[in-house]
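Chain nomenclature is as follows: A, B, C and D, assigned in order of appearance, with residue numbering initiated at 1 for each chain independently.
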Amino acid sequence: MTRLNWGMIGGGEGSQIGPAHRLGAQADGNFVLAAGALDHDAEKGRAYAQSLGVAADRAYGDWREMLAGETAREDRVDLVTVATPNSTHFEITKAFLEAGFNVLCEKPMTMTVEQGEEIVKVAAKTGKICAVNYCYSAYPMVREMRQIVRTGQVGKIRLIVTNFSHGHHGDATDADNPRVRWRYDPAMAGVSGQFADCGIHALHMASFIAGDQVRTLSADFASTIGSRTLEDDAMVNFRLEGGTVGRLWTSSVAIGRQHGFDIQVFGETGGMRWASEQPNQVYYTPVGGRTQIMEKGEDGLSDEASRLSRVAIAHPEGFPLAVANIYVDLAASIRGEVRDGLPLASDGLRSMAAVHQAVASAKADGAWVDARPPMFRD
Amino acid sequence: MTRLNWGMIGGGEGSQIGPAHRLGAQADGNFVLAAGALDHDAEKGRAYAQSLGVAADRAYGDWREMLAGETAREDRVDLVTVATPNSTHFEITKAFLEAGFNVLCEKPMTMTVEQGEEIVKVAAKTGKICAVNYCYSAYPMVREMRQIVRTGQVGKIRLIVTNFSHGHHGDATDADNPRVRWRYDPAMAGVSGQFADCGIHALHMASFIAGDQVRTLSADFASTIGSRTLEDDAMVNFRLEGGTVGRLWTSSVAIGRQHGFDIQVFGETGGMRWASEQPNQVYYTPVGGRTQIMEKGEDGLSDEASRLSRVAIAHPEGFPLAVANIYVDLAASIRGEVRDGLPLASDGLRSMAAVHQAVASAKADGAWVDARPPMFRD
Amino acid sequence: MTRLNWGMIGGGEGSQIGPAHRLGAQADGNFVLAAGALDHDAEKGRAYAQSLGVAADRAYGDWREMLAGETAREDRVDLVTVATPNSTHFEITKAFLEAGFNVLCEKPMTMTVEQGEEIVKVAAKTGKICAVNYCYSAYPMVREMRQIVRTGQVGKIRLIVTNFSHGHHGDATDADNPRVRWRYDPAMAGVSGQFADCGIHALHMASFIAGDQVRTLSADFASTIGSRTLEDDAMVNFRLEGGTVGRLWTSSVAIGRQHGFDIQVFGETGGMRWASEQPNQVYYTPVGGRTQIMEKGEDGLSDEASRLSRVAIAHPEGFPLAVANIYVDLAASIRGEVRDGLPLASDGLRSMAAVHQAVASAKADGAWVDARPPMFRD
Amino acid sequence: MTRLNWGMIGGGEGSQIGPAHRLGAQADGNFVLAAGALDHDAEKGRAYAQSLGVAADRAYGDWREMLAGETAREDRVDLVTVATPNSTHFEITKAFLEAGFNVLCEKPMTMTVEQGEEIVKVAAKTGKICAVNYCYSAYPMVREMRQIVRTGQVGKIRLIVTNFSHGHHGDATDADNPRVRWRYDPAMAGVSGQFADCGIHALHMASFIAGDQVRTLSADFASTIGSRTLEDDAMVNFRLEGGTVGRLWTSSVAIGRQHGFDIQVFGETGGMRWASEQPNQVYYTPVGGRTQIMEKGEDGLSDEASRLSRVAIAHPEGFPLAVANIYVDLAASIRGEVRDGLPLASDGLRSMAAVHQAVASAKADGAWVDARPPMFRD
C-alpha cells in the first residue's frame, strides 16, 4: 500500500498543533509530508518544511503559492491540512476544495454561518472530502458508544449530558496574558469565547454518538472575570431532532479541572459514560443491572472501535492517536473505502450555527432558538 | 451531660427513614427516644414505640395525642422529629412549634410557599428551633468547604456547579410501580418531581457552602418517560445574590448513576469538588497549583469539620452519621451552644420558593424568575 | 424486642476506641450501656460512666469490681466489651468468660499463643460467646464476597492478595512521639509492630472471605526507620489449607497511603476487589468478562450483606457502622439466632500464632513455617 | 534536522510488536524506515518491507542478508531494532553490534546470563548503543519520578512496592491455547513464566526510578493452574544496593486486572504512586502533607519529563508514545546528545540475572540470593 502525499498549511515551528498533525498523519504510515506552507513568514516556512523532509520545490512560502504549485503537479498532494489562524480557514479551505483537493480543516471551520454553508456547497459540488478535526470523536471507545446506540443496545436516547470544562483561564491575574486574552476578545475570537473553543467539541460529540442532530437550544453565558467581553462559562440546553434532551456545560474558569471533557448518554435500556482524561474506558450500565467497565481492546468490540486501536487491552492510547485516527479514516476514504465516522463540512457548519444561535439565545435571556443552519432547516 | 428527651412522629416499622433518624439521634448518646407517634395505625405505632423502649404512656396513637400528652408533662421532649408524609409536615411542625417544642422536619418542610412563610414566622415568634433535614450539609467535609469559603481561601466564588442525578427511576417498565409513580404525579407529589425530591438538596448545598442565597433562576424541565406528568430531569441555572453563577442538573433517569450528588465550587483563587458517594474527601486546587486531596480527619481542618468526625483519618463515615451530625448540632443548640450550620425553616422556605419558581420558569420556556420567597425579596 | 444490657471495660473519656464501641453498640438500639469500668482512674471512670447514663451502682472503679458486682446481679450485663490496653485483654476476657459472661474483646485478643489457646478452651467450656473485634469483616460488601466464594460463583480460590499499608508512622522526626514509638518497642508492643497492628486484620480477612485457614507462611520484615526495633514494613507470603496462595503487604511508612486496606480474591472463574476506603463497592470480574461494580444495597445481594446495611444504595456506610455490625451479630447471637460471621476466639488465637510464626520466619530469613497454633495442627 | 535511517528485524505483517515500533520510530519524524528483514518467510518479508516504503535493495530476506547488505553501504542504517522471537535476540544483537550498528533489542535481551554478559562486553568494546525496550521507563511521568528522587525531593528511598499483574491467562479452559501455553512451557519460554514476561519490567522500573540496583532477592513462585510448569504468579522481595526494601508482585491469573502495572516509591520525606493504566498522573505526597495530583504537562516539571510529552496538560499520551520516547532518546543519542534515561544492555543483563536467581530462590523455598550478574558483583 503506497503512502499518500500530504500537504500542510500552518503548523510551523513552535506551534503546538503542527506536531500533533504530523504525528497523526505519519504515525500509521499512511501519509508522507510532501508539501507545506508552514509559516506566515515565507522563508521560515520554506526552511522548516525542508527540515521535515519536504522537497525544496514543494516547500512553499504561502498557501496561494502552494495551491498554484500543487495544482500544476501530476503528483499533487492527496490531502491538505489547514491549521492556520481561525479567520483564514474559510478562504483556504474553499480554495483548495475548488481546486479539487481533499481538505482536513481545523475547527472552527469558518467564522460565520454563511461561510459554513458556502463550504458545504463547494464540497458537495466538487465531490471532495472536506473533514473537520473533531478528533475526540475518533477515540475508539467513542466510536464504540456510537455503535452501541446504532445497534439499539441502550434503546432510544432520552438524555445526553456533556461537559467540557477546564480551569486554565481561571487566573484573573493572568487574564491579560495575550495567549489567554484573545479568546475573550470579539475582535479576535468572533462572537463566542469558551463555547466556540471547547463547547462545540462536546456538542458535536453528542450528535455524533446519538446519530442525531441538534434542533433547538437555550443558552446561559457568563463572563466571570470582569475584563472579558466574551463568555468564559456557558450552559447550553438543547434538543435533538428526535427529542433527546441535551445539557452541555463548558467553562474555562473551573479551577482544578484539567481537561474535563466527558459525556453521559442515557437511553431507555442503559446508560454510558466516557471521559477524555481516561479515554480507554466506557462505563456502561444496563437498566436494572450493574455498571460494567468496557475496555478498549476487549473481545467483542465493534470493528469501528477495534480498527482504531493499535495496542492490546489496557495499554492506553491517547489524544495524539485520536488525531491519528482521523487520518486513518481520511486515508481509507481517499483510497475509496467507506468511512462514515469522519466529521465533515456539514458538522463544521452545524457547529457554527449552534455557536451563533447560542450567542443569540444568551442575549435573549435564554430564549429557545433554532440551532440549525438555514440550509438544514425544514 | 444528661441525655435529651426525643420524640418522633412517623418513621414506623418498615419505614426507611425511621431507622436513619433513630440511629442519628442515638448514635452519639445525645438523645434518648422518650416519646413517639410512629405509625398512622395507632395501635401499631404504640406497640412499636414500646418495643423501642418508649414508656407506655408516651407511646402515642397519633401526633395530636402526642402534642397534648407532651405539652402536659414537666419532662416534655426536648426535640420532635417530623418524618411523616410530605403533605402533613406543615400542620404538624406548626403545631409543635406553637406549643413550644423544638422541631426537626423532614424535607420538604411544606408544600407551598405560603406555608413555608408561615412556619418561618411561627419559629421566629416562638424562638424555638425549627430545623430541616438537609443532612448532606452536615458531612464534615462539606462543612470544611464552607469554612474554606468563609475564610477566603478560594476568594470570591464565581461559579458553582452541582448535580444530583440517579437512574433508579429510569426503567419505563417499572414506571407504574407505586413506589416510583407517585413522585411524578401532581396529585401526590405537588408541583415538581425530581427537582423537588433531589434538586433542592443540591440547591441548598450551593447556598450553604457559598454563604449566599439564590436570587434568580431559569429552569428546563423534561419528562423523559411518557407516562409522567412531572419532570424526571431538570436543569436549573441560577444566580446568587452576590453574583455567583450556578448550574444544577438533577435527574432520575441517568441510568448508571447511583447517587450522583456532587458539587464543584470555583472561586477566584481556587476550586473544590465533593461527591456524596465518597464523602470523606474534598479535591481542592489552588489557582495555578496542583489538585490536593483533603481527607476527613487530616490535621489542620476547621473545628467545624473536626467536631463532626468520629474516627481517624481514612476511616470512612457515611450517610447515617451525616444525619447524626444534624442531631449533634441540634443537641448543642438545645443546650445553648451556638451552632450556625443547622439548616433552618428559612432554608426550607427558600427551597419551596425555588421549586415553585422553577416550575414557573420551566413553563415559561426558561424565563428568568425571582427565586426568593416574597418575604425575603428586597 | 427489649434492649440488651451492655457493659464496657476501658474506653474512658478521651479514648478513641470508646466512642466507636458506644456508637456501635447503641446505633441500632440493640444494647443499652448498663455498666462500665471505663478508666484506670477509678473515680474518673465512675463519673464518666454516670455521665453516659450508667446507674451509680454499676459505674465501677475497675474490672474486678465490675466482675463481682455484675456477677451478683440478676440483671447482669448480656455482653462485656474489653477495650483496655492490649496486655490486659487475656486476664479480663478469661475472667468474664469463666464467670459466664459473653465477651467482645478488642484485638489482639492475647499477647501469646498459649494465652490464646487458653481463651479458646475457656470459651468452649463455658459455652459463652467470645468475639474478637475484626470489624472490617462486618462490612456488608465483605460479607457479600464471602457469600460469593461460598456459593461457588468464582470457583476455587487460587490467589488472595491483600494490603494494609499507611504512611502515618513515616515521619522519622516524629518517630519518638510516644503515640508512635511504643508500637515499635518490644517492651510495650510485644514481638511484632506493624504486622501485629494492621497485618492481622488483612490476614483474618483473607481467611474469612476464603472460608479457609492459613497453614504456612514466610515473612520478610523491615525496620525502615533506624530507631525502631520492631518492623514497620512486612511482606508475608502464605498458603491456606486448601492450597490458595496468599500475599500480604503491610506498612506504616507508605507515605501517601491513608488507610490502604484492600483485598483481591482470584478464583478459577472470577476475581473480586474491595478496599476499606471505599467500602460500599466490590469490583467483580467474571473470567473472560467485564469488571462489574457491585454496590451495597443493590438488588440481589445475599441476606448476609443486606441485613447489615441500613440505608439505600449508594448512600455510603462507613467504619463506625462496620463496628456496629459486629454488635448486630452479637445481639442476634445472644438472642439465640445463628450468626456464623462473628470473628471468635479461635480467630484471635490464629492471629496470635501467625504473628509469632511470622516473627520466627523473618528471623530465619523467610523460612516457611507452620502458621497454626499447636492446638489446631494436624 | 535530517532523518535517521532505521532498520527493523522481525515485526512482520500481522505481528503486534511491529506496528508499535514503526509508530514509535516514525511518530516524531526522527527515523525513516530504510531497511528491513521483517519476516522469517523471506519473500513475505521483502514484499512487506517494500509495501512500507523500503527500497527493493534494502528489503532483505533475513537478518544475515541485511547485516551483509547494510554493512556494505555508505548510507547504512543508523539503528537496528531487533523484534524477533526471544531466543534469537542474542545472536542478532551481537552480530549487529560487532558490525558497528546501534541496536534496540526487544526484551528479554538474552536467554542466559552468560549471553547477557557477552552483549554487555561487545557493546562496551564497540562503543555502540545497545538499548533494551523497557519502554515503560520512557513515560514522561516515570521520568519525572526519577528526577524527583535524584533531586532529593522525597529523601532517601526506604521502600518500593511494585505490581505487574493481569488476569489474561486466568482461564484454565484457555490454558492450552498456544498463544498462552508457550509462556509456561520451559521448552519455549526458558526458566521463568510470568516473572520473566512482566515482572522484569517492574523490577527494572524500581531500579530506574531509585537510581540504584537490585542486590539480593527472595522469591515465591506459584503455578496456580495445574497444567503449567512455569510460574503464573510470583512474589519477589528484594533489596537495592543502598538498602531500599523492595516488594514485587506479578501475576497472570489476577482476573479483573487488565494491565495492573503500578509502582509506589516511599522515601524519607515523601511518597509517590504511578500506574500504567493512567500514565499521565503521579500521586505525590510530602510527609505530613496532602496527596497532590501531578499532571503530565503541568508547569514546573523537569526537562526530562517535558521534552517527552507532545500535547498539552490533561491530553493523555499512551503506550505507543512511550515506545516513541525510547526512539526520541535513541535519535538524540545517535546525534551525540547525552541521554541517560535509555535502558541499556547492562539493564537487560541485570534482568536476566534476576530472573535466573529468582528461579533459584523459589526452588530453595525463598532463600535470599544475590540477584546480580557475576560481572557486576563486588
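Quick note on the criterion: a residue touches a chain if its C-beta (ideal position, glycine included) is under 8 Å from a C-beta of that chain, and two chains touch if they have at least 3 such contacts.
Chain-to-protein mapping (UniProt): A, B, C, D = Putative oxidoreductase.
If you're wondering where the values come from, they're calculated on a predicted model, not measured in any experiment.
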**Asked** More contacting C-beta pairs: A-D or B-D?
**Response** A-D
**Prompt:** Which chain lies the greatest distance away from chain B when centres are computed from Cα atoms alone?
**Reply:** D
**Request:** Round to the nearest whole Å and give the separation of the Cα centres of chain B and chain D.
**Result:** 55
**Request:** Please compute the C-alpha centroid of chain A, do the same for chain B, then give the distance between them in whole Å.
**Result:** 42
**Prompt:** Could you state the distance in Å from the CA-based centre of chain A to that of chain D?
**Reply:** 35
**Complete:** Residues in chain B with touches to at least two other chains are numbered 288, 291, 295
**Complete:** Listed in rising order, chain D residues that touch chain B in their complex are 288, 290-295, 298-299
**Prompt:** chain C touches which residues of chain B in the complex?
**Reply:** 1-3, 16, 19-20, 22-23, 26-29, 32, 51-53, 166, 168, 258-259, 276-280, 295, 310-321
**List of chain D residues in touch with chain C within their complex** = 158-159, 161, 165, 167, 170-172, 218, 220, 222, 224-225, 233, 235, 237, 245, 247, 249, 251, 253-257, 264, 266-268, 270-273, 283-288, 291, 365-368
